[in-house]
Amino acid sequence: MSMWRWFHKFGSPKWFFDIASRLIPWLLGTGLVLLLTGLVWGLAFAPQDYLQGNSYRIIFIHVPSAFLAQSVYLMMASAAVVTLVWKMKLADVFVQTMAPVGALLTFLALFTGAVWGKPTWGTWWVWDARLTSMLILLFLYCGVIVLGRAIADEKSSARAVAVLVLVGVVNIPIIKYSVDWWNTLHQPATFTLTKRPSMPVEMWAPLLLSVVGLYLLFGWLTCVRMQTGILVREHRTSWVRALVRSQGV
Amino acid sequence: MTAKLQAATTVPVGVVAAMGGVVRRDLQASFRQPQDLLNPLLFFMMVVTLFPLGVSPEESFLRQSGSGILWVAALLSTLLSLDHLFRHDFDNGTLEQLVLQPQPLYLLVLAKTLAHWLVTGLPLVLLAPVLAVMLHLEGNSIAILCLTLLIGTPVLSFIGSVGAALTLGLRSGGVLLSLLIIPLYIPVLIFGTGTVAAAAGGASVGAYLALMGAFLVLSVTLAPFASAAALRISLSNS
Amino acid sequence: MSKPLLQATNLQCERDGRVLFDDLSLTIMPATLTRVEGPNGAGKTTLLRILAGLNENYSGEVHWLGAPRAAQREMFQRNLLYIGHRTGIKAALTAQENLAALMAGRHAVSAATLRAALAGTGLAGYEDVPCSQLSAGQQRRVALARLLISDEPLWILDEAFTALDTHGVAALERLLSDHAQRGGAVVVTTHHDLEVPGMQRIRLVPDKVAV
């Protein structure tokens, strides 16, 4: 029962707005510190790779963004379930405000992948299984964004996007599996960016730091963007009006 | 208008009969308006024609790419035809009546999508061998290609039905539908063309065909759930 | 006192950021005729679609025979006849095929009954004419022929009198009050001056509701 009450409380936009305000500085602070430490360590101090020299260092950006890009879709899928089952507004605010962030991270992963491909394969783009899967993930994100914008009515838009996200998440493993199969069919296996035989501690420690740092920064961005989304949707409620007045706007 | 004709003692219709009715009426309506049926077929042929003209008419190129060309063309014409799956019925109000039938909507949507495949997907499969010959595919490859299309085009229809239901009543619904659905078509495309390539390379294709069969089972069982949910959402918004 | 057929409590519906109605409650009893009134854009069609279960973008509760409707959707739909302002007529099918399609999935109807129903709405001789060749009023009559062979107690009719001539209007009025007298319930919207003794009125005013 108390669990249930907590759930509903969490669903209240005002409650979330207040909690988010308190979390924002912490998430931003620790996220920045961890990410910067990880990046400086990884880019400047970690040892060279015996095979690829310095060009491998882009994994300190590529891997965290690729990691997060995939988890954001999973988080959106969980929120989509909440939207459909409990009709919670907040869950939809999450899906619709974070889809562009997911798309951006996917793009970043693709871009860094291409930049890394130039010295490694000698070309900007290779139809490598991992890159191709990321490209399809980008398409999935785009579909979610486009559908959300196309439906004017807030409730319909929330439910339609939730259905699409769930259909997407069912398909992602199938897409991944078939792209991997396609890759073995058409190309000799190339060594991929993240599949390394053994990574010394000096390499994976900064990588871990930047992954955690990026996650925290994502948490910060979630809070900020959702606060904006909540203000837009709740602009007619008394608490938002009071808030706006107290800020002297 | 006269007074009531029938007393309240009536026999309810079973779900199988209801599904049969949906299929029969959709086929009837399609055959009375054959342009909806012919347009995707014409489009299919024209897209295939573009490749020899736009890339190369060389036999070796066409033989190697033929199955891919036919698969991509079939995929695009399915997308083109999907816009009609629910739109006419949405505009004239028969979709509301379908949703209000006292039957599981899941099964009615399944029947409707099946009817759509019968009038759009099946003709593509039947036309494919002719075009395959024009693309210089070999006999064995043609047989495998048609088999993959036979298993694969219903998957395209069923996955596509979700997109058609989601974009119902939206402006530029057709383009939007393609954007939502194309990424979801990639696995079928990969295995459809991959199976033909494997057969041409002399490999046994039983496992791949079984996998495509699994796609078919999965899409037939799951997609109507999503489509039914999406239809209710689109109708709520109209 | 008999049990209410349909009961809606605290309905609230927004459309495109505008509140159509808020805290609207209504009860549909058997043997009644209810008219939903209000200016254009007040949400009459939306309310009817919510009552019919087509529009799910609302908050509040809807009960069918005292139990939540969501848990017994098929049972509810078996007892509901809804005609929207999109009549549900396919242009490519004939009048009889369309009527058969409208009865599909409900209860078995013989071809003779279908033809009799069409004749009952003044469409004798048009049974096998494609609906693309019928006028708007005739198409509406095809949809309304369903009322003659309906066994559903609850009728929800949106703009029921649209496109009908005076004769058709009078006949439909009679049909609706007959249905109510036999214990059925009718919910309509109409711009036509419908006056039936004991009629329940639900007046929708933009941003305000008065019952």
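In order of appearance the chains are A, B and C, and numbering begins at 1 in each one.
In this text, a contact is a pair of C-beta atoms (placed from the backbone, for glycine too) under 8 Å apart; a residue touches a chain by one contact, two chains touch by 3 or more.
Keep in mind the model is a prediction, meaning the values are calculated, not measured.
S.K.: From the Cα centroids, identify the chain that ends up most central relative to all protein Cα atoms.
M.R.: B
S.K.: Using C-alpha centres only, name the chain that sits farthest from chain A.
M.R.: C
S.K.: Starting from the mean Cα coordinates of chain A and chain C, work out the distance between those two points in Å.
M.R.: Those two chain centres are 48 Å apart.
S.K.: Quick one: chain A and chain B, Cα centre-to-centre, how many Å?
M.R.: 33
S.K.: Spell out, as numbers or ranges, the residues of chain C touching 2 or more other chains.
M.R.: 57
S.K.: Return the residues of chain B touching two or more other chains; collapse runs of consecutive numbers into ranges.
M.R.: Residues 233, 236-237.
S.K.: At least two other chains touched by the same residue of chain A: list those residues.
M.R.: 153, 155-156 - these are the residues of chain A that touch more than one other chain.
S.K.: Mind pulling up the chain B residues that touch chain C in the complex?
M.R.: 1-13, 15, 17-18, 21-22, 25, 28-29, 32-33, 88-89, 91-94, 96-97, 99-104, 108, 232-233, 235-237
S.K.: Where on chain A does chain C make contact in their complex?
M.R.: Checking each residue of chain A against chain C gives 152-156.
S.K.: Inside the complex, what are the residues of chain C that reach chain B?
M.R.: That would be residues 49, 52-57, 74-75, 77-78, 80, 82, 84-93, 97, 101-102, 104-109, 113, 116-117, 120-122, 130, 141, 144, 147-151, 168, 171-172, 174-175, 178-179, 182 of chain C.
S.K.: Sort out for me which residues of chain B touch chain A in the complex.
M.R.: 162, 166-167, 170-172, 176, 179-180, 182-184, 186-187, 190-191, 194, 197-198, 215, 222, 226, 229-230, 233-234, 236-237
S.K.: Touching chain A in the complex: which residues of chain C?
M.R.: 14-17, 57
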